[in-house]
């Protein structure tokens, strides 16, 4: 089972006619994703990679069913595009946009929560269940990373995902579903909100989280473990352990303020909750072994 | 069972120190309602009818539990007071305010829906489970109306409630819970949203709805019956059958526009769905007899 | 409160919705003073609240000053019109319909748009609903780009037309919010040959509960069909006049409406609907004064079943009213609720019979009006 | 982007938050020209971004013009300060803390207030959290009366004080929204003897993703600790300078940060953090130019594991950079991802060894820096 998307999902693509949109739409299809239509205002009647384009989601839904939306939309227009999808009844959405204004991230997350939708992103590479379906810009062709298997992976970082997941695969495992929640300081869906899906997934035996300094998402995972809401084996790798305090290293999320969000706090919380935390990516595979045998 | 409030509910009263607030707080207590504290900004430290007053709900909740809010707050301040209650985690709210601005009614209803709260009113006399608990300004002392029993009553009108409920009692029945949804054109909770509670209530055998021309609440009840979501006997009385079109007769809700909201449309819908619709209040009792024997 | 066209258009202007140049005139003299500023033909429109002004002969395109003055005089002197609007005629290539109202169940604003304006939209909604484009908008989130795209593409607009339309839509939505509108409507919305839009007509109904924050609008005699209705409105007592002979003086909108029905079922006819419930329940004297203004009334029927509106207080008010006006027509009472025993005694002391069943009281009033009893 | 105090206070002023009268000066000459307009004592504040300016001797109350000029000259000439703010001293009866920031999990704005201002709020939050009043606000619904009551009563304010405080709070929230703030803070917020409030200091951090709609703010040398950091920022490449000897040239923030950790674990030390992932992945030449500006660097470590950032494109960029700069220090590469076989060949053609394990590459760089291998 895939926890977010499989071949039964009917995916519409917002911004399908752009360079990035059309390129990755083809890859999504190639991996098996069921893309039903695309949306670009003003371009109705065109086709991209065999799929029809509509001015609006509303017009696309007159001809097709869809339950999932993939956005290749610039950050400044992302809020409007997500609201369009939510208004149209779409409840699974992925946006890769890097640079969504902070206040709009809050508004999007608030709107999604109030209608029970899951919006994944922004600033993410996307979501993939290798061999089944993919939404985003994930290089499923890199075999030593995107190998089908039974480990769930949640990540805040694109570049680190390949690094750490390669270690999972090297240890003899594969990936059930990889969820990139993105590197923004306000991820639209948080780690702890995805955990129940992994918990319920019979095809996920354990979860690897790829975190970093800043924010409280890793601490929330620890809380879910403490409360018994998540009981499967969990290994975490958290980058930024030696990062100098107050320096912003890349991701908007990766800034430490006060005592919150330090790697130490995250490691302590996860360890107390029964998880294993790797200091180096290469420790992730062995730690999975340790928990699962 | 009471479908909205019973003696286990802990009720806070917003606007408890005003003339109306203190008068009806006493009556609510006299009927058995468990009032835990009152809120009036600037009056913390006072007591009304034995209950302590706080500046804010937040401060009251530091000393007491509460799960229900009763508002005696002027219409212009009602949105703010309801948002205060919702923010404090209160999910059952009754407001009697007559004159809440239309756009604020939309905003309140939208906020309540997005957090799963039930806000009853405005422009209502309130909610009562005779002999158990009461929220609002209901004359529970009129015995030929507020007699405990097994009939649920939902009403858009205060004055007509006494008239019609007296007929229910005259026919030998009594009231399980009476819910006044109020006479505004945007009732914060609609008939059809209450029906599932009556459906689930083992102490409600049948439901009487007291409707009027305008709006679509009665039609929504018919839809719930058609869909099988509500299966208990239902009798309706709907006022305004001979009202001249386009004339606004009292309630904001009671205006007919186009073909929607006419009494004919409501009667047809409810009848087709299996309900009985009384032309006169005096027919309600016999109709209940007909359906229940 | 329903605004006159000229008020609605002033609100449009404030919010940036294009409207034709116009002048309001309240007398033939004002018309002749202003008409010179208009190029011919221009439009003269009676400022009344009723719909269907065109068919009723209350709007006309005039070809020259003489026609204008003549028609204006007819409106003022023969049709009883108090205000007319002189307006530039618009040279249009198309007519659309655009409105914003509320959806109580969804708890959202609802935009309604149609590429065929200038028609009776209710009729169109009934016969060709697929021609109407609908869009719901959450008030807290506001009007967003995708709402406008849904509407513009739904109407088949694109390019410059869509841009210009979206400006009007955006402004209309702002006006809807700013003026606490129950309904704001442009019908027709003219599309000119230059791909611009102009509001041909304007309707704006402000929510009655929001009037305290919408200053500057006063109710006028033109808002009502009868003098007494206007006076009752000024007094804050809901009152409607009809052609029958039974004067209702009831408390509570639902109950009064029901008594109205029961009168009709019983073969009677209503002289007036008067509702003195809620905060007005102590004002029986004012209520009766209004009822007695209606000379067709043959009987006054008082029905109440009060909660806060205590029966004894209402009965005492009735006693005051009787003492003050000594009405020559019979009074039938059915005053119940809190403290009703005390009320019954007060009514008996007035020499009246305190009935306690609404339908019995209705029948009695109908019988009296029909001359069957007295 | 973090604003200077003078910019934050200008934003406050625009939104109606009371601030003391002040003048910005960029030289001793400007100070002496402006100082006459201030009554003594007044305050001189270095406009730098670091916290704890008071303890660092970068803020001082001066008693007369001579002191003022002397202190200003010290700041400009000895402390390397580029801008100072001359400001009226505030005669205050109390100091509060007030800030608005965001709560990512709740997806709301968060207001933080404390009756004890002028202190290190993070320390207070750690030691006496009950003294901090918190209030979450939904952005779409906005700041409402009950939010303000929760805060004002929570701080023990009432009457005129509460009214004046609520005006500041309301204005601060508006400024938070208007300026797309990540954080907006007044610490201390002075309470005067006349029950009015004045912002003693001002902090405003604008969301980097919103800078395009917040024109007028430019990054300056003062935003950075080193010249190269400033130049890198102008070039749009994230770059931080440290005291070590291994120059990181990596793609992706998470991976770069992890390599930073791995260097430290392996006993090495970082000369600079440079991240050329995302849209910068084609800019290896610019990246290497920046790395080579750091004279302490003994080795350049390139680690990538690219998705869109194709390995072959990065390797080709590296080849261009090597051709252009002919770096005298060794380069260690671990370039993987899409088209990595092609990348490995390009790297081999450069005479380098294409490593494919990050930790191996890190160890190699550390060994080179330590002089253990070359």
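Should a chain be cited, it is by its letter among A, B, C and D, assigned in written order, with residues numbered from 1 in that chain.
We adopt the following convention: a residue touches a chain if its C-beta (ideal position, glycine included) is under 8 Å from a C-beta of that chain, and two chains touch if they have at least 3 such contacts.
The structure presented is a predicted model; accordingly, all values stated were derived computationally and were not measured.
Contacts with chain A and chain D are shared by B, C. Using the contact threshold fixed earlier, the set of chains in contact with both chain C and chain D is A, B.
At the far end from chain D, in terms of centres built from Cα atoms, lies C.
Taking each chain's centre as the mean of its C-alpha atoms, chain A lies 54 Å from chain C. Chain A and chain B have Cα centroids lying 44 Å from one another.
Taking each chain's centre as the mean of its C-alpha atoms, chain B lies 28 Å from chain C.
Across the assembly, chain D contributes 138, 140-141 as residues in contact with two or more other chains. Looking at chain B, residues 107, 111 sit in touch with two or more other chains.
Listed in rising order, the residues of chain D touching chain C in the complex are 138, 140-141. Of all residues in chain A, only 41-42, 44, 55-59, 77, 79-81, 83-84, 87, 107, 111 touch chain C in the complex they form.
Residue ranges of chain B in contact with chain A, taken from their complex: 114-115. Of all residues in chain A, only 75-76, 98-103, 105-107, 109-111, 113, 125, 137-139, 141-142, 155-163, 166, 183, 185-187, 190, 210, 212-213, 215-216, 220, 237, 239-244, 247, 249-252, 254, 257-259, 279-282 touch chain D in the complex they form.
Of all residues in chain D, only 136, 141, 144-146, 149-150, 153-154, 158 touch chain B in the complex they form.
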